[in-house]
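Letters A, B, C, D and E mark the chains as written, and numbering starts fresh at 1 in each.
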């Protein structure tokens, strides 16, 4: 059994066991155990990279190859941080969930984890797509079964939108392989091999567009973003954490892993457009977030804004931009995941999410106030915390090639303060209005505090010393940038 | 040939049982039917020509007959059986299909078609005996018979054009030949429910017993597809006209199927329209094959195999749960989690979500179509898949998310061991076909080797 | 270059350590003792800064990289410490003034429930400023720059239960964020153009560039915008007057040492860049002049004690910017340091008054005749006022003279006229405040306050020390040769006469005839409102920038993102169902229709064959 | 020329199916269609002097008879349900 | 021969049209009968006397009888059968009578010789049916057996009523 197969197989089988467990508590304990094991395992995978060896590590099991479809997994410096992030967020999400959820809940999260691990470690496009889709279904149930009032509509919107993207992706990928076969006479679905001999011709534009749409829905890029606010808002807190923290990254990772390596020329040609879309994402998400009255929705829109930085960095096609985008992925996962975690804790206590439902929490719940401020500041890109480094690198990359777009992105950082702080003021500082639920909010318990201390420590560390992560990514980024 | 004989023998044995006045022993009739089907399955092999060249048992025949027999098994296990007559009709229909699959002569094909269909009409009515099922049977009878008559007329034209009725390329391609082909294809298209020849299909699926609808949607469709493939192979050069028409038929079929499924409140009817949509995808695969003239790829067989398990499973779940209307679905997941979970798995497969057979099947169809330069048609199919998501996931949503409506739904059934086995028998292959992409290569090889 | 001294690490490390200690150990358990580690840290920092200052005086300088922060392909950014004359001169002032204000705050905040929190914020402010000063590259500077901004935000919003405090904090942060974005844009430009933002390397590379390189001009302009936000220059000065919402020690620290000086420091630091962008220099000079003059006028009509001082700060920062603009960073920094002393003194005096009143703000109308009840404070305030007005031999005279000299050296009479007008104005508004607040019989509003008395030692000692510094720092620096030995008689005379003119005018207007300050307001209320809003700029910024941005956000979020897109989705769904309905209406279960469709289908198929054949 | 007759018969049979509402009349149309095919077979068979055509027609007649039996039995069953043998009675299933 | 074929063909088409137009079931059935007769005549002309005979026997005989029984059993009253069969529409009957006579005349005029190609074809066909085509014959046998089940009585007298 290969070391990467084990990675996704453990949670996959774990999900089965969790679904069949004799009781809810057993299921929960088992899920925590498995996700904890996943976290340890992913951390163990990171270890060899600490010594500076950052290249691709492949695992091949079985010799079967059918028309180029073969089971092939591999990790490198770009996928490992995301694997670790997913594992970390799953643990955080499960720990923060109420104990009385049913067995299906715990099983769904493990299944989701398996899908995420698979996506981030597949080296063959077929399996990439397989895991890509497999991750959707548990999320559909998580939103639809355990979400809040509008959950059903949100789950439906989620599945329709993401499926739109998936279908575009599927057709694009098959078309890619077919055209590649037409040009080279070789059937292959392996990402490295496809990247080795780029295809050209009129069909390539269509393929590029299809694959781009596939990933863009997931990220989400501007005109296709509409599923996100609803899904994030209505999902249970743990679901939102994973949705924003890990699942959106699938799209960016896809761009990074598939689209740009396979279509370097087209990506370069599309640079102003896609970078522009990214900048538009930044500004649009921030503007929408500014006007939100629901905390969770606000955080959801900030995701759109942050993922815009990923696009800006990625489509600068410079090494620092790409590394920045990769870093934004991790950082956004931590900070937005943390925000959803906090909003979820508030919601658990007060069953409200409206900004104006709260007030003056800072005096009654100082830990909430502190952690919320800390993570919010990381989210709006305060230097010294993790959010800044990635955004700065993305923008620096873009500034080198197309600096008006970088300027637009910078405008987003101003708007970030404009959406984050007023909401914070209302919830934590302003006197509680009539009908507010402040009284129901008790301060954090020790366990919750520990969770957030851990998160904050990571946030601070990555803000001041992101170098290990950057070094980890460097070989892959260099390879990618070298191809452009 | 042997399996055909086994089926016929079983049929005659049942007739004899009936004549001997041992009727009423429904279980023994069921046992004979199941035994005959299993035995016939064991006897399947590509044995070559037989019966003075009237039969040609090749790889196609064997593969397809396997599908027929596997599709018939749940029907034989589930259908109500007051006396032998239903079992007799089932075996007769199966024998007709087997004949169709291995016929090497246009008229034998016709006889096979009629032997398959006539008991089918009767079964639609006799398994349910309601006013609706009678109506459906009559509608089906008229459309099927009219199509059979068109087929016969086409065959006569073909005979006039070539002087031959053997199922092998004969004579130069001519307009008359191609025209006759088009007329004959009508019968095949009707059997699979291609639009606009599909109207009987939702009526029949809705009104007949769910297990029978499952049988129709799998075995009859498979037979129809094989029928179509045989016809397409008939002219010396692949027909230009059919190549032109097939993608349009496919696109219209999947579109109509999916869009009409959106508004159904009868579950069987919804599945019927869904099966129409699936025929659309299948026809896309058939078209792709006609385009590049390679030996038949495994895609179509894979699709049929995957569809066999998922459709049978879906209809069997309907039968076992007793659900009929959309309203009854609400909250079913909480009431009967296992059956609902099984149903959801089948629906996911129908919606072609990995890792299920439905996904892999559609995947290879798309692949074939893209190889055949059919990107535009693939986009149509992809859009249709999206529409499909709409109703498949609505179904899952209704079961899983909606609050239960206690008085509407039938009580959760207590499944016997045999019934559970049947469900597992559908679920496991559905998953297996989804996780092993090599199955396509394997099926292609199987079809090629047995040629 | 010798090995970097331990003091350099101490100035940066001690506050960080103290903050951690105070936060993790004291804040929850020993909330009333949080100032212990922090005051200790202040002491260490002051000593270390003194050590550094002495070393720097001997001509030593260090530039040491500590570790690599960000690696981004073609460039990398390090964390480092750069100690040079510029850094040390500001550092010494910041350390001393900061420490004194810390001590003052112990007394000032003694009874506030947020005592511990206040000290955390306060020291963070202090720490960020020090970090900013010792940074050896722009990005690190930016980090601490934002830290300064964050701490000022927290302090302005310290009494967050007040809506005005929250609004002021938000305004400060947002305005600063705009400036920060410009700063970061400049950093990114420099990175893109030169591949480094480390001062030493960057300045070397810039040196080889021609004058008026457009990229450099952009970068300098953006840097200035960043500095303008921090140092409250037009058009980004809007936040500073409102920032008085914080506790008074905050204002003192912000205006004297830690925040507004950062912009001037940044400009001084960027000297080698600015040299290559003369257009930007001219712009800076004129913006500085305009800001200085305008805010001096506004200061002369404000009533709130702290706001008068705030506008005074803006005005003096304008002067410093003028000096920067005419290429004399040295004069700017010198004035920065001296200004730090006397402005801190003035604020702390105002704080004394407010603390005695038990309020957080007060207008000149609400106080009056303070000189009798708080003589020490009044005396100290007088020292500060004289220093600010530039009366020799107080500290302000020397630095202001340097600025005037620098401006005069440019040869632009208009600019020089503006500088002199600012000098007149400074003297006018500070003595107006002095007369109105400390003289007269009693408050014109709010009744007599006989019970007012001087505050405790925690607050008096720092004030006295600052008064000493305000009095003698200039002369001392001149004496030891830190400032140029020769004074130009021409500019000194002009400056002195301007100060004297202002003093005389204030005596005339506000001591002899104090009613005048009321009467013109009653006669021209529109004029008062206009001037009160910074000549309408505050209103303009709100109506043209802030309100439309919020309205646009609401439009995008609700009208477009929710309504239009939701409607689009709904109509897509409706279209699908409509298509479905249309398809199903083609046949309503009639067998003959079925057969008709079959015949039609067969005909179509046959037609297709016919057509293709 | 015979092909014209058979084509006409086919179309008329189809027309009967499409136009007539009585189910029995529609059965008549079916029979007409089958006869059109038979006519063709016999015609081409006689032109080629091919006995196969004759044999086939005989088989087809038998199949057609079987088909008629099934159809008529279903139509008769409709009477048992109390409806007239009209296609307009068969509107229970639609949509 | 061609002329005869044309004659019978035209008549067959004419009767088919009539069948379509008749509103009455019985007259439609009679028109079909006429068509079948014409086709039988054409078979005869086309040298297929055996098929012609079968056509008359099986179709015109058995199937039509079956039809008429069905018509009667389907509950239409006998008088109802003649609905729409007005006197004005008696002319088809006249035509029908004429053509019947004509057919009988033709068959009397040209009796098939024993050595004629038609007869040998019939013999060959019989050989085929019981030789190479026997599979088809057997299959049809089974089929007929199967469809005969449709006349078996329902085990349940009344089906489950629709709910």
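A few remarks follow.
In the analysis below, a residue touches a chain if its C-beta (ideal position, glycine included) is under 8 Å from a C-beta of that chain, and two chains touch if they have at least 3 such contacts.
The structure displayed is predicted, hence computed values, not measured ones.
Considering the contact criterion stated above, the chains in touch with subunit A and with subunit D alike are B, C. When chain centres are defined as mean Cα coordinates, E lies farthest from subunit A. Among the pairs A-B and A-C, the greater number of C-beta contacts is found at A-C.
Of all chains present, the one whose mean CA position sits nearest the global mean of protein CA atoms is A. Subunit D and subunit E have CA centres that are 10 Å apart.
If each chain is reduced to the centroid of its CA atoms, subunit B and subunit C end up 77 Å from each other. Each chain gets a centre from the mean of its Cα atoms; for subunit B and subunit D, those two points are 26 Å apart. Under the contact definition stated at the top, the residues of subunit C that touch 2 or more other chains are 584, 587, 589, 591, 595. Annotation for subunit D: residues 13-14, 17, 19-20, 26, 38, 43, 45, 50, 52, 59, 63, 66-67, 70, 73-75, 78, 90, 92-95 touch two or more other chains.
The multi-chain contact residues of subunit E, meaning those touching 2 or more other chains, are 133, 136, 140, 143, 146-147, 150. You'll find the chains touch as A-B, A-C, B-C, B-D, B-E, C-D, D-E.
Subunit C contributes residues 584, 587-592, 595-596, 599 to its touches with subunit D in the complex.
Of all residues in subunit B, those touching subunit E in their complex are 8, 11, 15, 23, 51-55, 82-83, 85, 88-89, 92, 95-96, 99, 105, 107-108, 111-112, 114-115, 118-119, 122, 126, 128-132. Residue ranges of subunit D in contact with subunit B, taken from their complex: 3, 6, 10, 13-14, 17, 23, 26, 30, 33-34, 36-38, 40-41, 43-45, 48, 50, 52-53, 56, 59-60, 63, 66-67, 70-71, 73-75, 77-78, 81, 83, 90, 92-95. Within the complex, the subunit B residues that touch subunit A are 348, 353-355, 359, 363, 366-367, 370-371, 375, 378-379, 382-383, 385-386, 389-390, 393-394, 397, 400-402, 437-438, 440-441. Every residue of subunit A that touches subunit C in the complex is listed here, in rising order: 157, 226, 229, 284, 287-292, 301, 318-320, 323-324, 360, 362, 377, 382-384, 388-389, 392-393, 395-397, 399-400, 403, 406-407, 410-411, 413-415, 417-418, 421-422, 425, 428-431, 464-467, 470-471, 474, 477-478, 481.
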